[in-house]
Structure formats: C-alpha cells, structure tokens
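First the structure, in the form of structure tokens, and then the observations on it.
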Amino acid sequence: MSVPYLLNSAAGHIPASEKIPVIARPFVSDRAKKTLDLVEKFVEEECIPADEVFRQQIGEGAVTRFDSHPQIIEDLKAKAKKLGLWNMFLPKNHFKEGAGFSNLEYGLMAEYLGKSIVASEATNCAAPDTGNMEVFAKYGTEEQKKKWLGPLLNGEIRSAFLMTEPQVASSDATNIQLDIKKDGDYYVLNGQKWWASGSGDRRCKIYIVLGKTDPTNTNVYRQQSVILVPADTPGITIKRMLSVIGFDDAPHGHGHVQFNNVRVHKSNLVLGEGRGFEVVQGRLGPGRIHHAMRSVGAAEKALELFLARINDPAKKPFGKQLYEHGIMLERVAKSRIEIDSSRLAVLNAAIKIDQSNAKDALKEIAEVKIQVPNMLLDVLDRAIQAYGAAGVSQDTPLANMWASGRTMRIVDGPDEVHMLQLGRNENKRGAALLKRIQAQKEKTKELLRQYGLEETDPLQLNRVSGGKSKL
Amino acid sequence: MSVPYLLNSAAGHIPASEKIPVIARPFVSDRAKKTLDLVEKFVEEECIPADEVFRQQIGEGAVTRFDSHPQIIEDLKAKAKKLGLWNMFLPKNHFKEGAGFSNLEYGLMAEYLGKSIVASEATNCAAPDTGNMEVFAKYGTEEQKKKWLGPLLNGEIRSAFLMTEPQVASSDATNIQLDIKKDGDYYVLNGQKWWASGSGDRRCKIYIVLGKTDPTNTNVYRQQSVILVPADTPGITIKRMLSVIGFDDAPHGHGHVQFNNVRVHKSNLVLGEGRGFEVVQGRLGPGRIHHAMRSVGAAEKALELFLARINDPAKKPFGKQLYEHGIMLERVAKSRIEIDSSRLAVLNAAIKIDQSNAKDALKEIAEVKIQVPNMLLDVLDRAIQAYGAAGVSQDTPLANMWASGRTMRIVDGPDEVHMLQLGRNENKRGAALLKRIQAQKEKTKELLRQYGLEETDPLQLNRVSGGKSKL
Amino acid sequence: MSVPYLLNSAAGHIPASEKIPVIARPFVSDRAKKTLDLVEKFVEEECIPADEVFRQQIGEGAVTRFDSHPQIIEDLKAKAKKLGLWNMFLPKNHFKEGAGFSNLEYGLMAEYLGKSIVASEATNCAAPDTGNMEVFAKYGTEEQKKKWLGPLLNGEIRSAFLMTEPQVASSDATNIQLDIKKDGDYYVLNGQKWWASGSGDRRCKIYIVLGKTDPTNTNVYRQQSVILVPADTPGITIKRMLSVIGFDDAPHGHGHVQFNNVRVHKSNLVLGEGRGFEVVQGRLGPGRIHHAMRSVGAAEKALELFLARINDPAKKPFGKQLYEHGIMLERVAKSRIEIDSSRLAVLNAAIKIDQSNAKDALKEIAEVKIQVPNMLLDVLDRAIQAYGAAGVSQDTPLANMWASGRTMRIVDGPDEVHMLQLGRNENKRGAALLKRIQAQKEKTKELLRQYGLEETDPLQLNRVSGGKSKL
Amino acid sequence: MSVPYLLNSAAGHIPASEKIPVIARPFVSDRAKKTLDLVEKFVEEECIPADEVFRQQIGEGAVTRFDSHPQIIEDLKAKAKKLGLWNMFLPKNHFKEGAGFSNLEYGLMAEYLGKSIVASEATNCAAPDTGNMEVFAKYGTEEQKKKWLGPLLNGEIRSAFLMTEPQVASSDATNIQLDIKKDGDYYVLNGQKWWASGSGDRRCKIYIVLGKTDPTNTNVYRQQSVILVPADTPGITIKRMLSVIGFDDAPHGHGHVQFNNVRVHKSNLVLGEGRGFEVVQGRLGPGRIHHAMRSVGAAEKALELFLARINDPAKKPFGKQLYEHGIMLERVAKSRIEIDSSRLAVLNAAIKIDQSNAKDALKEIAEVKIQVPNMLLDVLDRAIQAYGAAGVSQDTPLANMWASGRTMRIVDGPDEVHMLQLGRNENKRGAALLKRIQAQKEKTKELLRQYGLEETDPLQLNRVSGGKSKL
C-alpha cells in the first residue's frame, strides 16, 4: 500500500482489531482480526481518498451520471482482490462460496466499509448484490448459479431486487400486485416496481423480482413467487430514477420500473411457485446486520469529522475554538455512548445469527434495524451543526450520509412496522406476567398475615373513617 | 422454596441463564449460571412478595421509620445464606472473601436484585456496604478488616461512605472541605457531610469519611485522606435525613451529618495521609456497574409491570384494552430496544473490569453511568403513563423506582460531569483526526491528478466566470 | 405590605404588568394590570416566604399531617382579602359572584399563584374549589348555592370532586361504576372513588360526586348524574390517602373514598338525572387553563431557581461557576423558549374561552393540557440537574414541583387520551385535504400541457426505456 | 381566478382570515384580512399547482438549471400584481414603498407563501430580495434607490447579500475577512464569500457585500462596511454553486464567489465606512420573522400532506388505513400542538417589532429563530415517515422542504449561537434572583420565629443527635 502515513500520522493509532469490544473478542478468529486491520487500512488509505474521485468521475447531468462507470471503482476492486478483501460477507457456516468469515466477523469489517462510499463495492460487499448472491447461493439451481452467481461473485455484473411497488402500502408485503402469469413454459410479468436499488447502473444485468403467481390463494403468504428477469428482457422500462432527499445515488440509483408483458422462461423461477415469501424472508436477516454495521461505521466517521471540526484552529467563533464551547463536548460524549451501545447490539445480533439463524434472531435484528439508523441520524445531526453551512453542502460527506441514513429508517420496512412487530412479540408475555404479578401479590398477603400485619391490598385498607372524625 | 408456582405459572418461563445475551455467554461459568437461576427464583418468589411487607414493617412517622428494623429482612438474609446467595459482588480475581464470581457474572445477578427493594440487602449485596467492603478488603489493615470487614461480610452491621458536602460543588471532589487535623495520635474532624446513604439505619456502625488533611498541598489530589469513624463517636450529629423526590428511603436513608471535634485514633486512617483520592477512585468503578445492572433489572421490572397493565382486562378505555391502542406497543418496543442495548453496554464494561481493572474501563463505566439511568427513567415514564394515576401513587413500585432512578443521574457525579470527561477524553483524538483527514485530502488531490481531473479542493474550483456570462 | 425590599432588591425589577406578552395586551384592562402587579407582590413577598412555614406547620406523621390546619394560611387569606385578591378566578362574563376578571386576566394572575404552594388557597383560587364553585354558580339551585357556594366563596369551607374510580379505566368516563339508586325522596350511593383531591383536609365539607343513575341507558353519555354529598354523611369512609411520587400533599391530599349505602336527599341532585356528563364537561375547561397557567408560573419559578443556582458563587465545579459551563446557558435558553411559547398558547386558549366558551375552545384547551405539563417537567429536570443532589431533596421546592407536574400529565385525562382526541379531530380534515391535493395535481397537469411539458404524474413518465439503451 | 373548486372542494373550508388565532385578531385590519384570504386562494389555486411546472421548467443538468428562467414565474408575477399581491413584506410603519401592512399582517400572509416553492417570488416577497430592499429603503442614497430599489420593487431584477465566508467561523461576524481597500474614488475588493443565496439566478444584478475597510480598528464592530457591487463587475467569479442536503435550489442557488481586485465607485458605499454591522443588524430582524412564518406554513403543508396520506384508501398496511394505526394520530396531535404554539410565538415577535423595532424584539426574534425550524423538522419527519419511501423521493415536496428546514437551523447563525446569546441575556437576571431568593429566605426565618417554629435553614436543624441514640 502506497501511502502508509495516513493512519500512522495519527499518533497512537489503535488498529481496528484492538478496538473490538472485549465482550465480542471470543468470537473473532485471528485470521479475521488480520483481515479487519487490512480492511481498515484499505478503507482509510485507499477508499476514503477515492470517494471524491468517484464523485467527480460520475460527473453532472441526469443522464450522464447514470451512464458513467467510474474507473476508480475497477482499480480499487483490483487492489482489493489482490489483498484478499473480497466477498467477506458470505457467512462461512452457510455458504462455501465466500471468504470464510462469520456474520460477526464480517460485521466488524462492514463497520469500516461504512466509512467510505466506494469501499463496499470495491470489496464486492455492496447491497443489494450481497443479499442477491445469498439468494442465488441458497435457493438457486445450478444453472441459475452458473449464469448469475459466478459473475456476481467475480464483481463482473451487478443485480437488483424488485419488491416494493408505488401503488400500495408495500411495508406490508402481502399488498404487492405485480402480476406473474404462467403461459406455457413461460411466465409473463405485468406491473410496476420502484426503489429497484442498483437498477440505474448499466452493469446491472439481473433483476430478482417478487410478484404474485396465485393472487387468490387464501393463504396470503403463498400467493407470491420470486422470479429472475434479465435486465434487457423486452417489455422492461425504467420510467425514471428516484432521488433520496435530493441525492440520485448515481450510477447505482433507485429505479421505477415498468413491466409490460415481460416474458421469461419458467426455469427462471426461484424455489418454486408460492414460495416468494420464503425467499424474501431468507434474504433479509444478514443484510440488515450489514446495513446496521455500515451505519455504525458511518456514525464513527461522522464523529471523526465532528472532532476534526471542533479542533480546527481556523474555526474560532467568539474567540474560542469550538471544542472549548462546553456544549460540543457534551455532544461528542452523547455520540460516543450511543455509537458504542448500538455497536454491541449489532454484534450480539450477528452472533445470534451465527449460532443459529436469522429467524431465531428476529428480535435482535429488528432491534438494530430500528435503533441504528436513528442513532446515526442523531450523531450526523450534531456533526452537521458543528460544520455550519459546510455541513449541509457538498463539502463534507455528512449531507449525503444523512440522506442515506434517513432512508434506512424506511428501507426494508419503516420503523413503525418493526416497532409494531417487536411490540406485539413482547406483548405475548403480558398474560403470563399478569398472572405472575397476581401470584406475587397472593404471596404478599400470606406473608402479611404471617407477620401479623393487615392485608396489603390497598382496596381493603380501612384506617380512616368518615362520618365522625377524619383520619 | 415454598411457592414454586410463581415462576412456573408463567407458561414457558425461560430461566435467567438462558436469557443471557449470546455475546456474553463465553464469560459465564456454569456455576454462575446455576447461581443466576437461583437468584432469579429467590427474587421473584421471595423478595418481590416481601417488598410490601418491608414497607409496612417500616411503618409511618419520620422518627419511627428510621428506628425500625423490618424482621423480614433478617428472615430473608437467613434464607439467602442458606441458598448460598451471599456476597456475590466481591469479584473473584481481586478478592478472596467473596462468593467467587466475576464482575460480569455478578452483574447478571445484580439485574435480578434490582427488581426488588429488599433483594440486595437480603443477599448482602447492598450499596454502600458493597463498595465499603471493597475498600476494607483492598486497603484495610488487618486490624481494620477484623473489626469492620468481618461483621460487614456477615451482614451483622452496616456502613456509610461520607464524601459529598452541602456547601460546595461536590461534583468536583477537590472542593470538599471537611477538616481532618492531626493531634498527637489522633485526628480531629470538623465539618459537614450529606447524602451519607445508609446512615439512617440504626445498624450502621462505621463511617468511611473523606476529608482534608493537607488543604494547602499544591497538588489538589493529595490534600485528601480517608479515615474510619465509628458512628457512635462523640461529636457526630445527624442533623436530618434527606428525601429523594419525596421518598425518605427509611430505614437506610440519606443523612446530613455534622462533625464537631470528632476524635479518632490515627490507626483509623486508610492507606495513609494524602491518599484519599486513590481510595475514592479505587472504590467507585465496580459499584457503578452494580448500580447500572440493578437499573437494567429495574427497567425490566417496569416493562413487566407495563405489559401486565396493558393486558389487564379490567382496563378498557374507549372499548379497547390498552395493548390494542397502537401507541402502547410502540412504547413497549422502544423500551425493549433501549433496555437490551443498555444491558450489553453494562456487561461489556463489567468484562473490561474483569480483564484488567476499573481504571482501564473508565470510558465504558462512564458510558453506562450516564446511559443506564436515563434509559431507566424513559422506560419508567412509559409504564407510569400506562398506569395512569395508579402509576404515580403508592400502589405500584414505579414512583419509588422513578425517584431512585432520577437520583442515579446525580449520585456519584451528575451526568454533566461524566459527559464532560467523556467528551474531553474523546476529544484528545481531535488533532490526529484533523491530520488524518488532511492527509486523505492530499491523497485525493494526487488521485485526481492521476485520473486527469481538476483538483477537488472546493476553494480552488473555477468552473464559473462572472463578469460575462454566468455558469 | 411589610417587606418591599424583596422585589425592589432585584435591581431593575420589571413589574408583571409590563411583562405581559405584547400580543395579549389588548385583552387586559388597566384594573387587571394593577391587580396583577399586586398579585405578584403578594406572591413574592408574602406567599413564597410562607411556603416553608406552611410545610413546617403541617409537621410530620401521616395522621397528624392531615389533621393540621396551618395558621399561616388563615393569616394570608386575611391579608389577601384586604388587598382585594380574592376569587379572581370566576370569569366576569359568566359569573357575577367573582372579582370581575376575564379568563385571560385571571390566567395572567394564576401564573404568579403557581410560583408558591400557598398562594392559590390564600386567594381562594385553589383547585378543586374553583371548579366546584363554578359548578354551583352555573348549575346549582338557589338552596344549593346558599348552603355551599356562599361558604366556599368566603373561604370558610373546602370541597372535593369525586369522579375517578380505582377499578376501571377512568380516563374514559363512561366506564365509571359508582351506583346511585333512587329510594323515595333519597338517593343511595354505593361504590368507590379515588383521587378525591382535597378530601384529606378536615375543612372539606362537601363532595360533588359523579355516579350512575341509569347504567343501562343505551346512550352511554346519559347514564351518569352528579350529586352533592356532605362529607360527614354516614357510610362514607376515607380508606386511605394516596401519594403522588412520594408526596402526600397534606393536608389537602388525595383520598380513596368508600361509599356504603350513603343516603342523600334528592334535592342534592345537580341539574337533573342523566345530566352528569354535561356538568362534568361544563366544569373542566377553565380549570385546565388555571392549571396550565400555574404550571407556566411554576416553570418560571424553576427557571429562576436555576438561574440563581448557576450564579451562586459557592458552586464552582472545576474552577468555573456553573453559568460559565456552556451547557447551562443552552438549557436556560431552551427553557426560556419553551416557557414563552407555552404561555402564549395558554393565553390564546383563555381568550378563546372568554370570547365564546370552553366548548368552542376544546382544541386550544387540549393543546395546552398536553403541552404545558411536559414543558414544565423539562424545565424542572434541567433545574434539578443544576442543583445536583439538593435538587432531588427537600431543600428546594423542585422535587415537589416535579411530582405535581408529573401528575398533571395524568390528571383530568392522560396525555394519550387528549392526544387521541386531538388527532381524531384534526384527522377529520383528511378526506377534504386528499381531495384538494388531487385537484391541485389535476391543475398541475393542465398547466404542464399548457406549457408544452409532459404530464407530471410520476407514474406516467416514460423517459427511460429498458431492453435497449438505458436512460 | 380560474379554478375556484380547489378550495371549495374541501367541504367546510375555513378561510385564512377566520383561522387567525383569537389572540392576534386585534392587530389585523380588515384590509389585511381580505388580502390574507386572497393570498391563500392565490397560493392554493395558482402557486401550489405551479410548483411542479416550475421544477420541470428548470430542467436537469447543472449548468442548464442555473441558466433557466421558468416562464411560469413571470406569469404568476403578472397575476399577483393584478391581484394586488405585491411587496406585502415592507412594513407600513417603516417604509412608504410597500403594500401598507404591518409585520404581523404580512407574517400571517407569509405563512401561506411558505406552502409553495414559487409563491414568495411570485408576489415579490422572496428572500434575500426582501431584506435587501429594506436595506436600500432604509439606508440607501437617492441614487442607490433609483438604480436598484426601483427595479427590485418591480420584480425586474434580483439581488444577493454576501456576508458569510468559507475560511472563518462566520457565525461570529467579527471574523469576516473580505478586504475592501480605498483607492482614490474607488474601493477595491479582494476575498471570498459563499452562501451568496440568489447569486445563481441570471437575473441577479446586484450584490450587497459586507467586508472590512478598517481591519485594525480596536472596536471590532467598526471594522466592517457594506458596499454595493453590480454582479457584472470585472473580477467577480462564481466558483461554484453550493448544494443543501443534495438540492441545488436552482436557478436561485447559493454561490461561492471570488473577488479579485473588484473595483467599485465610492458612491456604492452604504451608510458610510465602519457602519457595516449597523446595516447587517438593521437588516436581519424582520427577515427572520418572514422565514419563521413561511416555516410555520411549510409545517402546515406537511401536516396537510400527512393527513392526506393517512386517509389515502390505497394505503392499507396490515388491513387498516394508516389513520387507524393509533400512533399516526398521536403524531398528528403532536404536530398540531407544536405548530400552533410556534405560530403564536412568531406572531408575538412580529407585533413586538411593529410596536417598537427589531432591536427591542431581539429576545422574541431569537426564540422563534431557534424554535420554528426545529418544530418544522419534527413535523416533516413524521410526514416523511408516513409516506415511506415516497417521502424521501421527489414525489412529494417533503424532502426538499426538509433540506430547506434543516438549513434554517444554520442560516443567519446556527442554533447554538442564538441559544448562547439568549442564555447569556437571560442569565443577567441571575444575581438579582439570587438576592431575591435570599431575601425570601430571610423573611421565612422571620416568619418561623413569629410562629414559634425553629429556623428553617436546613443547615441549622438539629433534631437528631449522634453519639447516643439515633433519631
């Protein structure tokens, strides 16, 4: 690596592997620690400096931006591959195709990837490809794997996952309407999808699409199927690219896609008719952990930018540097606390997935799905405020990070949906708890009698008598 | 144990040992797991039902309450000893006198102790005795240990730690003023202390007192000494008992104590003159973890009460049970998230202490010192609101828990002090980060040149020229 | 007045009448301004110094406290009467019995009353008597007025309003169950009430009771009646006094009252059978404004105490006075902002009541019912934190104020109920807004055609075509 | 007006003039009420439908967007002029040039202008022109007025105010560095400015520039001067346009402007050398009220969109419309409360300016400067969340509104600066309050003696004596 001074220049720089929270250390192999330090070095020394290059290589102008393919990405991919930083996301105990790390170990790495715009793609660990590769590896036929998983694992093509629709409340996936009709050996698709993330990239070659093959099935979770649709299939139109809080996220982007009589061969079906929900659910767990850990890394990055700003000798409002204004240090402290406990929550969820699977870790995953983006937004808000007008402009990555972070509160289900499910699940304990508390009260009565005291039930007390004297 | 139905009645009750977060499990011995389950059983079946008995045995009337000694406490202590639930707090790697658990293991138990008013004292794990016993065990002479540590470990006497003073900003301990003057073989104490927690109890026999032996020492951290003062030494007056948000915490209480020419022999000095700060600092770390984990337990208890309430069929405002009002489930979910990530933060801090010591875990301890009480108050607030007027009354433990929780934001230093120290500590990275970010920007310039792009520094851009045409 | 230096000592003291927000001034008569200044003087110079005297005259010991009648109250009442500060609460345009002020004008005075524990009772403006007097004046027969309103207006007796019940979700008043059965010329009451505020005072002579005379009426709002029950009627038992967050609010207090075959003559009925809801609703509006404005005053008092603390030269943590720690000034500023805008909301609601009636001001009243106590608690929390341990103790009024403030979020309906009603009411606009927004979109389409642009409906856009080239 | 159905379609639409808070009504003339209703009609029926047209006429592509001049704006301006909706912002008691309304009256109108992107410019009430016109009207020479104020009042040209600089902490205006050197009859400007809002528009013809003419003056508030610089003066370069959270705000925009030896005649000086601060301060007050009221309008708009969404029958997650999920109505209620009390705060500030001037209303202006944007962001966040992914996209105005709202927390000084000043100002009362509280305590002692009670000072209490029996 050519510019070693970037990390060393920070006197007393502590390598990533030594900053792993003590509670997580038993779960991290020495090999993962070494890779983690390499990831940190690659991100800090290669990727972060490349972010602005990437931004400039995309250029300006709506059409141009989506047609661009920044060379820096390919150069970084080559470097990453050489360093062995490739496909770290595929968990070792479920897939043989990956780099052989656990979700926990990759989670630690994802934190560092989250500090740069280009790092995830540079190491072939970028969403939605990661989740899509898991789908292929887990549910794909050999033919499907050969055709799509291979190139994806090599970083030769990209992919999109098409689930959300504009005309219904897609936070409840039973509402989706894209029609998949059987027609001989083919399926014909009609309908619309949006938030097809990644579909803007001209290298995006394959869509994994959720639709309804059996819309009248009484079991609303059996109406859906997942099917593979090559991006160049006739009948597909990308109507427009959606922006998130003003950012178009080009060249990746988020497409609004129209399907008009799109025909694909039946061999493109994944897992079988009516099994769409199964595929979708199997796909989501680890991805949320990746997102969450990248968000933790983004928060660390925001805090670093915050700290750099309040120590910038050029910024002295009212005769004092910003860190000398007490309020800034309190915000630093709050950010530190929130980041650290969020990280532990994500790592614990990752371990739970590692030790069984995403289904058993539903609660833990939902918790971090809600907690982490909100934490990130709070930390970002403080950093933006410290930068003043520069904080909302293109001069720092903060505004873009904020837009992405805000979106994370909605993507894969808004906070409210996860909150409701988490609340409902927790509420199942209610009846048993009521019973236990009542039993404890019974025991209290017993004890009171035993100790010669009156019964405690407040409604049986009688120490004051009206009518005559009071109290 | 006589009433096994209390826990079993909750269909599908999961024992405490199985609810340990996966990330913490490698740190918990089988013996600790067994003890943990026993603690849970003891707390749920013996202590919680006893809380109201304790309350009634204290009675009413200011003087009476502090002279009371509820028999139930002694009975529970006998039971606890028999079960081996005694002195679990003394960490095995620092003290031979305890039950042989790590801070992490005891932390897990302290969570359950925190669900009952009487449980900590019943197992001889109550503050401030725990911290005081640590002081004796760590810094006491053999004579001091024999005289005070023995009876304390046996639960025969209680103790108080006198540090805070009413007339100064004690959050900064260099401000304390109690005068300790040498007079031959004796020291003479003059001054005031308040928030002497535990001093209300007639079984409180020994005060550990921080004062100044060398007030003019130029090193402000060497002016203080710690000295042992038997509670019945002439010249001591408890002026009054302080209340916390309306609660007197009798018989334990918080005393405001006057020292008028109080003489104690020089053998009562702890560690030596000028080493007061050392003793104080050595005492505080693990105690904060205990407090924090009890607070996590209190929050779990509040959530249980919350869940019981919203499932109470008698409470149906506007035709629906409370859990059917969406807002309640969202609050349950938020509470679940906040409790779970706070717990992880405390456990991680405990492990850090276990693996080195409290000094190395300063950051982690400060984080939970701030985070946990605030979390507890949020959870309590939601539970209180679900109970309506019953929630602020004596009919649930919530109001009392709130008062204690609120106080925890101040005890052992207010949030602001810890926030400032945490912020300052984090801010030390500022200069290095500024340097690293600047180096990354330099690298970006290099890359831009390499790729044939203009320099990115926004202040050097020149793509628009005024005077003639714009843009 | 004997001690004029109390206000004058504050150099540059601005009298209350000059601090009325400019926007409210057109609504305040010169007479009200003069009275307002007198109220301020009376509160600051007579009442606040008397608060601690009151506290000590109540004494200690549960029974004693409720049997006490502090002499200082009677002395202050005599002074207040002499100054003409008496019954200011009865709005001039609805009642001839009062001091002739509008709700707005009294609201301004109530702010100052809210700064002292004794001031409201000293001026005969204390709840629940105020609301009860309104009930008598508005709905009472001449006989009822003579017997109860006269003595109440003279401050000779006190009263209680019994509505809430322990066994149901009383936040929904249709749930109440106290049985009122007709028996010849009498009504017989059976059931329980709690949170009978004021019932602890031995001078409390009359209960206004809500119960059900017609529990099977299909109109759930016609089942209830209000009836007058003298406190010494046989069959009434005060089972116990309830505490609020540790405070008993003696001698006033909050009683849990049992009715066993309590007989009262039918002439005690208010307004007629089945009109209980009408009475209850007619009673609540202005009282909420009084509470709200007293809470604004309490918040101002908390801010004053806060400011005094951070300017106390004796409190210098870490070498700086508290106000020099930046964070304190930010909290002062936040408090200032929140108090000021809350006050405007209350004054606006008061004017709305003045200009029509409480029913028309439902929205405005609900808004301040929710907003003000929450604001008060935030301001108090900051002040408590600045005082450290003193802030939670009996040494400042903050803890007691906090307990009362917390209770205000529940009394007269918890936040959630008001929030739901406010939300529902606002939501009635939903359909019309949807229609309007759709009409605006139609117009947009028209304009786009007119300007030669494509239709804007995003779902009709077609600028990108898949299958061949992208974008 | 051609499409009257837009408002009428909302059954029971209440005109703006009837929704003025009762407390503000005495300050609004009948003429203003009529104009207000006309503004509402113009905004709802003409401007809001035009917003999307404006957006499309700007087009895409960085350069193009800033060179565009949407025809719809000119057409709306013509309509507005015809309706008499022109220059309503210039307060009648300070300027003869305007439409003759008070700040309060215009504030009410500005609320409606804030609901549309184009409305402010369409009525010639857009920042920064409004503040700039005030500068000309207040401080300009007759020549300056003729040359610039006339065309501005006619909406023929636009203008920019150049104050903030990229290289210093401009939140403290004494830090600015742009050099203005005298050279015979000319001044020569060198330096940089950024956030020159409006400078992107090709119709922007005049810059009002703050710089230093006397950088060594010992009075740091006399070093600055304000000078007029025509936008086409040689030596001016717009280096780039800044974005706010991803939006470029074209064609208006925010320029980063370089001055290289820019020469202007001395007659371009405003008010005189060293009076720059005076000009800046005289300019800021009313503008903040305009911003604040537009933000109140934006919040109302967000709430309308929120309500429309939760009543959209097409959006039924989990079988219920969104408004049926309890949490949505609570958020509606919170938004209602926060908007309403913020509006009152702004109106009160406007009246204070009307009755004296902006300097006397410093506190009130600072309060709304801080409060309103934060309120707006909270309301927007809830609305965005209800829209899910559509909420962050270009399909609703919410994302753009959020970006602008976020920026308002920084523009004209970040929250922190205003908070600090507000806090400092409030803190001036501290010493007097401490004195008053001490005097009240003295009086308490007097009273206690008078009533035969012990002194209350807690530190003098002595009811418990140690050494023998306790308590």
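In this document, chain identifiers A, B, C and D correspond to the written order of the chains, with residue numbering beginning at 1 in each.
In this section, contacts are C-beta pairs under 8 Å (C-beta built on N, C-alpha and C of every residue); 3 or more make two chains touch, one makes a residue touch a chain.
Chains and their UniProt names: A, B, C, D = Acyl-CoA dehydrogenase.
Not measured: the values here are computed from a predicted model.
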Reference interface C-D: repeating pair among B-D, A-B or A-D with over half of contacts shared: A-B
Pair with more cross-chain C-beta pairs in contact, given A-C and B-C: B-C
Between subunit C (Acyl-CoA dehydrogenase) and subunit B (Acyl-CoA dehydrogenase), distance of the C-alpha-averaged centres to the nearest whole Å: 36
Centroid distance [mean C-alpha coordinates] between subunit C (Acyl-CoA dehydrogenase) and subunit A (Acyl-CoA dehydrogenase), Å: 46
Subunit B (Acyl-CoA dehydrogenase): positions in contact with at least two other chains: 63, 166-167, 325-327, 330, 394-395, 416, 420, 458
Residue numbers on subunit B (Acyl-CoA dehydrogenase) that touch subunit A (Acyl-CoA dehydrogenase), as the complex places them: 3, 5-7, 9-13, 21-24, 26-27, 44-45, 48-53, 56-57, 71-72, 303-305, 307-308, 310-312, 323, 326, 328-334, 336-337, 340-342, 344-345, 347-348, 351-352, 355, 363-364, 367, 370-371, 394-395, 416, 418-420, 422-424, 426-427, 429-437, 439-441, 443-444, 446-448, 451, 453-454, 456, 458
List of subunit D (Acyl-CoA dehydrogenase) residues in touch with subunit A (Acyl-CoA dehydrogenase) within their complex: 60-63, 164, 166-172, 175, 194-195, 242-247, 314-318, 322, 325, 327, 384-385, 388-395, 399-400, 402-403, 406-407, 409-411, 414-417, 420
List of subunit D (Acyl-CoA dehydrogenase) residues in touch with subunit B (Acyl-CoA dehydrogenase) within their complex: 62-63, 66-67, 166-167, 192, 200, 202, 231-241, 256-258, 325-327, 330, 458-459, 461-468, 470-471
